[in-house]
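Shared between the two complexes below is chain A, which has chain B as its partner in the first and chain C in the second.
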Partner chain A sequence: MKARVVEPWLLEPVERFVRESGCRLTLIMTPAGQVLAQYGFTRAVEVMSAAALGAGIAASTGEIVRMLAEPAFQALNHQGASHGIFLGHFDSPRGPLLALVVYGADTSVGLVQLFFEDLVTDLAAAAPPAPPRGPVLAADFERDLNQSLATLFR
Partner chain B sequence: MSLVNFTTREITCKIVYYGPGRSGKTTNLQYIYGRVPDDRRGRMVSLATQTDRTLFFDFLPIELGSISGFATRFQLYTVPGQVYYNATRKLVLQGADGVVFVADSQVRQLDENVESLQNLQANLLEQGIDVRTIPVVLQYNKQDLPSDLILAPEELDDQLNFRMVPALGASAVSGKGVFETLRAISERVLRRLSEEQPA
Partner chain C sequence: MMPRRLEAALDRITRVRGVRGAMLVSLDDGLVVAESLMEGIRGNAVAALAASLATRLGRAAGAAGAGTERFVHLAASRGGLLLMPAVEGLLLVTLTDHRVNVGLARLEMQQAIEELA
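Presenting the complex of A and B:
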């Protein structure tokens, strides 16, 4: 399975991280829960649920840390019976990002953390400047929108 | 800010349903979840208390379909309405592309609506967002209640809609106005993508 990425520069660092860490699922997202890259999820809508929950955990943990006047948190880990969940927060040239990683018994949190640090470095090196954004949709998008909504609510 | 993938031609937008406690935000999402075909929606995630009050947020991802050649997805969130959950409301509001303000039409809830709307403006401002620039739609929910208990949409407009944004009467529990609200916020959010250069 290949990683899916929003911009090409994300692909190689993410695939290298997946390969080396031996993880099963990986999500790179913004703090608002917008997915930039993912590996292992089969449905786009499920990956969004995972991103929303991961962003929620990061946001609430960040707030608690702020209330305690501690430096921003770097990573959280939950070790379950058959899966571990690792949530890492890092800065990138494109702003703060989050990585949500699910791993199995065939690897360890130590390896995930080790290669997560490489991932952060690789992403920082690979990130080009953010391209300027112009209008995305055609001015007559309403026709498409109406057709789509008509099939959405039946 | 909406996420645009020019390689795979995908757009993802975040819509937040805001409003006072028990105004019907979760009911809006539950109705949408129940009406949208399985292959066009994900699982609805609700982080709620044991009494089903929203604790952190509800989340429902839906696939709108192809708009101008872009596969378009909306992430629908609700916030907890109760006053003391303001910290979590701020977190959920981060990165929102549009807001649906769900007002409770009951006369006795007017002060709560005003307070929640002011809270929305304050929380947006804290994130550097002017409420005049972000797409907002008002929904006057519970219009199905007896007329002596509620304010008419025109009366609610006078109290809440001083920016003259689209406002729709609704009864979310029966689904009336839910679709129209989603359509209105979709149009405004997507229009922004067709017109301006997001910051």
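Presenting the complex of A and C:
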């Protein structure tokens, strides 16, 4: 299975992360839940649900972090019986991003965290300069979302 | 802060000439539980990779009918890595340079584990 990306510069860093970390699913998205890259998902509806839930978890955890007067939400890990979920927040030249990673018993949170650090470095190196941004309109957002999903599952 | 008992166990190993650091790692998670490392060593990277290596070697030993692993010595061009399963799902990891007396380091690792038991 190959990673699917909205913009080509994401492909190599995400594929390297998936290969080295041994994870099963990966989503790279904005804090608003707009998906930029995915690996392992087979249906668009799963991606949309996971992205919405991941963005929600990041937002609520970020708020708890703010209440504790910590600098910023960085990462969260849930260790389940057969799967673990890692949610990491990072800054990129394209702005703040989230990585939602699901991994199994054949790897570990330590490896996921380690290669997540490399992913952040690789994405920072690969990202082209951000295009100028205009005002965000609801119609634009919906069009962008539909374009992203069409690209990820074409 | 590292508990005194763990600190003492790691200090015993790092006193051996040629040892660059020692750490206790959670075998399942690959996360650092306690560490005493020289500056410049990425403890989290060593921990994650060493735990993965130990897990895979353990599977290989089991598949080969050799039983459970007791000690791993990875010899590299400028040093090495010594791994020994410790108590309660922990792995004791020792990083060495090329001058180390592996036998002495192994003995200190065994005694550190006995102290932790």
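In this section, the second predicted complex is superposed on the first by the 130 of 154 C-alpha atoms of A that agree within 3 Å, B and C clash if a C-alpha of one lies under 4 Å from a C-alpha of the other, contacts with A are read in each partner's own complex, and residues count from 1 in each chain.
Everything below uses one rule, namely that contacts are C-beta pairs under 8 Å (C-beta built on N, C-alpha and C of every residue); 3 or more make two chains touch, one makes a residue touch a chain.
Computed from a predicted model, the values in this text were never measured in an experiment.
**Student:** Is the number of chain A residues in contact higher for chain B or for chain C?
**Tutor:** Answer, by number of touched residues of chain A: B.
**Student:** Contact-wise, after the overlay, does A:60 reach chain B, chain C, both or neither (first, second, both, neither)?
**Tutor:** In the superposed model, A:60 contacts chain B only, not chain C.
**Student:** Per the contact definition in the header, classify A:114: touching chain B only (first), chain C only (second), both, or neither.
**Tutor:** In the superposed model, A:114 contacts chain C only, not chain B.
**Student:** Please indicate which partner A:74 is in contact with in the superposed arrangement: first for chain B, second for chain C, both, or neither.
**Tutor:** Once the two structures are laid over each other on A, A:74 reaches no partner at all.
**Student:** Touching chain B in the complex: which residues of chain A?
**Tutor:** Spelled out, the residues of chain A in touch with chain B are 4-8, 30-36, 43-46, 48-49, 52-53, 56, 59-60, 63, 132-142, 144-145, 147-149, 151-154.
**Student:** Quick one: which bits of chain A touch chain C in the complex? Just the residue numbers, please.
**Tutor:** 79, 107-111, 113-114
**Student:** Touching chain A in the complex: which residues of chain C?
**Tutor:** 25-26, 28-31, 44-45, 47-49, 51-52
**Student:** Show which residues of chain B lie in contact with chain A when the two form their complex.
**Tutor:** 1, 3-5, 7-8, 10-12, 14, 35-37, 40-43, 45, 47, 56-57, 59, 61-68, 70, 72-73, 75, 77, 87-88, 91-92, 94-96, 179, 182-183, 186-187, 190-191, 193-198
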